[in-house]
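Chain naming follows the written order as A, B, C and D, and within any one chain the residues start at number 1.
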Amino acid sequence: MVHKYELRVRYSDTDQMQRLHHAAYVEYLEVVRIECLRSMGFSYDALEKSGYLLPVSKLQVKYKQGARYDEVLSFETRVEVLSEIRLVFHSAVQVEDRLIATAEVELASIDANGHRPRRMPEPLLRALEEASV
Amino acid sequence: MVHKYELRVRYSDTDQMQRLHHAAYVEYLEVVRIECLRSMGFSYDALEKSGYLLPVSKLQVKYKQGARYDEVLSFETRVEVLSEIRLVFHSAVQVEDRLIATAEVELASIDANGHRPRRMPEPLLRALEEASV
Amino acid sequence: MVHKYELRVRYSDTDQMQRLHHAAYVEYLEVVRIECLRSMGFSYDALEKSGYLLPVSKLQVKYKQGARYDEVLSFETRVEVLSEIRLVFHSAVQVEDRLIATAEVELASIDANGHRPRRMPEPLLRALEEASV
Amino acid sequence: MVHKYELRVRYSDTDQMQRLHHAAYVEYLEVVRIECLRSMGFSYDALEKSGYLLPVSKLQVKYKQGARYDEVLSFETRVEVLSEIRLVFHSAVQVEDRLIATAEVELASIDANGHRPRRMPEPLLRALEEASV
């Protein structure tokens, strides 16, 4: 499954190079992951409320070209389940037909209280595995 | 008492106008308030841990001139106690001898659990009142 | 004319009080102003490219209640023309039927090169004046 | 050469997990790189003014543990020159003696006007190569 989502470059996220600042991609990618989960029927908010956290454990972004203010970024995202406690989101970011960036963001499922690794809830795990195919 | 503090304009906080973005001032002002409290012997972190929160209830910023990347902003801050649960920080922001902005930020003391108004701790209140003079 | 727009609270914009950080409202308000102009047929991007900048000259936000992660903020915005070079956006921010914040943001029209005050382009000025009614 | 620098976790950079948000590390790392260059006698600001840009071309961060509000992050950074147009900053981030994160950030030297690859200025290149040893 490939999840598609669009976000527009915000003025406050540009820098004096007149491009989207590289750190802002990391925030946008988070919005995209959350919308990707929502499209699969899962609310990250509900997940946290039920005692799970999914902090980022690893992040890699390759920047190919700059993005400009007000341009619409198109994200295509695939999920990969690494284990019962780890998953990766692979995203490609385009503006029209230009590839702007690619990213891999790995998350670890932990317990909201003790912050120890915690097997993801069964329904989420199953849905992610299906989406991984 | 006037508290003085300096912060350098970060690259990530510039925008494509090639100036410090107006929202970033609000973050810088928060750093300054926290350092102002620290200079009076109070840790905002310890305050939160002891059950108080000081959220911003009102914010006013007047922007006079733009600030540029890598410039050093000099903040001069005065505290004013409005009541046992309200205080205001008045700041003037300069780059060298140019006035860049002025700000008034009002905070309300609330309980960390119920989020109800809560009289500030006695030692903090007394110190703020002394500093207000 | 009242412009309506919705934005969802981003995870990266929450703070350890578990509420939308007060500085993030300022960024959201900017997105809203730009969409308000777009709804009137004006692109802020095109405006900048034609030699105008609209930096914020004054900002006031009153925070009534906190907003939480993933909540949808509803912005209702009215424009007021102060002069040929100054305008104010008045916004009310709600989550469902709770008033979260109100804001007034004043912008000044300046020349993109010299950064001197510059009368707004005639069509924009006329449209804003009509919308002000 | 190992460059050392400290930054305190800002309140506005925490999230509702009550940890420093993962995107904020990326901004802190940029401050550290700029201070690393400054410690070697180079101003990134002056570099831009003389017609060079150093955008990030690749970014990798591994998050080991969370950092909390008001904690002081200690960055140890080494520079590696990949070519006449590419360099990498390797950083380790600690809070006291706990390793919080490691990061590799690759920059590409480009021309400020055409955004084409451009050999770094001779003095910078030489200083970076010496520091790489």
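The rule is short, and it goes like this: contacts are C-beta pairs under 8 Å (C-beta built on N, C-alpha and C of every residue); 3 or more make two chains touch, one makes a residue touch a chain.
This one's a predicted model, so the numbers in the text were calculated from it and none came from an experiment.
Chemist: Most remote chain relative to chain D, going by C-alpha centroids?
Modeler: Most remote chain from chain D, centroid-wise, comes out as C.
Chemist: Could you compare the number of C-beta pairs in contact for A-C with that for A-D and name the larger?
Modeler: A-D
Chemist: Taking each chain's centre as the mean position of its Cα atoms, how many Å separate chain A from chain D?
Modeler: 23
Chemist: I'd like the Å distance between the centres of chain A and chain C, where a centre is the mean of that chain's Cα atoms.
Modeler: One centre to the other, that is 28 Å.
Chemist: For chain C, write out the residues touching at least two other chains, lowest number first.
Modeler: In chain C, 11-12, 16, 23, 27, 30, 69 touch at least two other chains.
Chemist: Flag every residue of chain D that touches chain C in the complex, lowest number first.
Modeler: Touching chain C: residues 11-12, 14-16, 18, 21, 23, 69 of chain D.
Chemist: Within the complex, which stretch of chain C touches chain B?
Modeler: Interface residues on the chain C side: 16-17, 19, 22-24, 26-27, 30, 48, 53, 55-63, 66, 115.
Chemist: Going by the contact rule set out above, which residues of chain A touch chain C in the complex?
Modeler: So the residues of chain A touching chain C come out as 10-12, 27, 30-31, 34, 43-45, 69-70.
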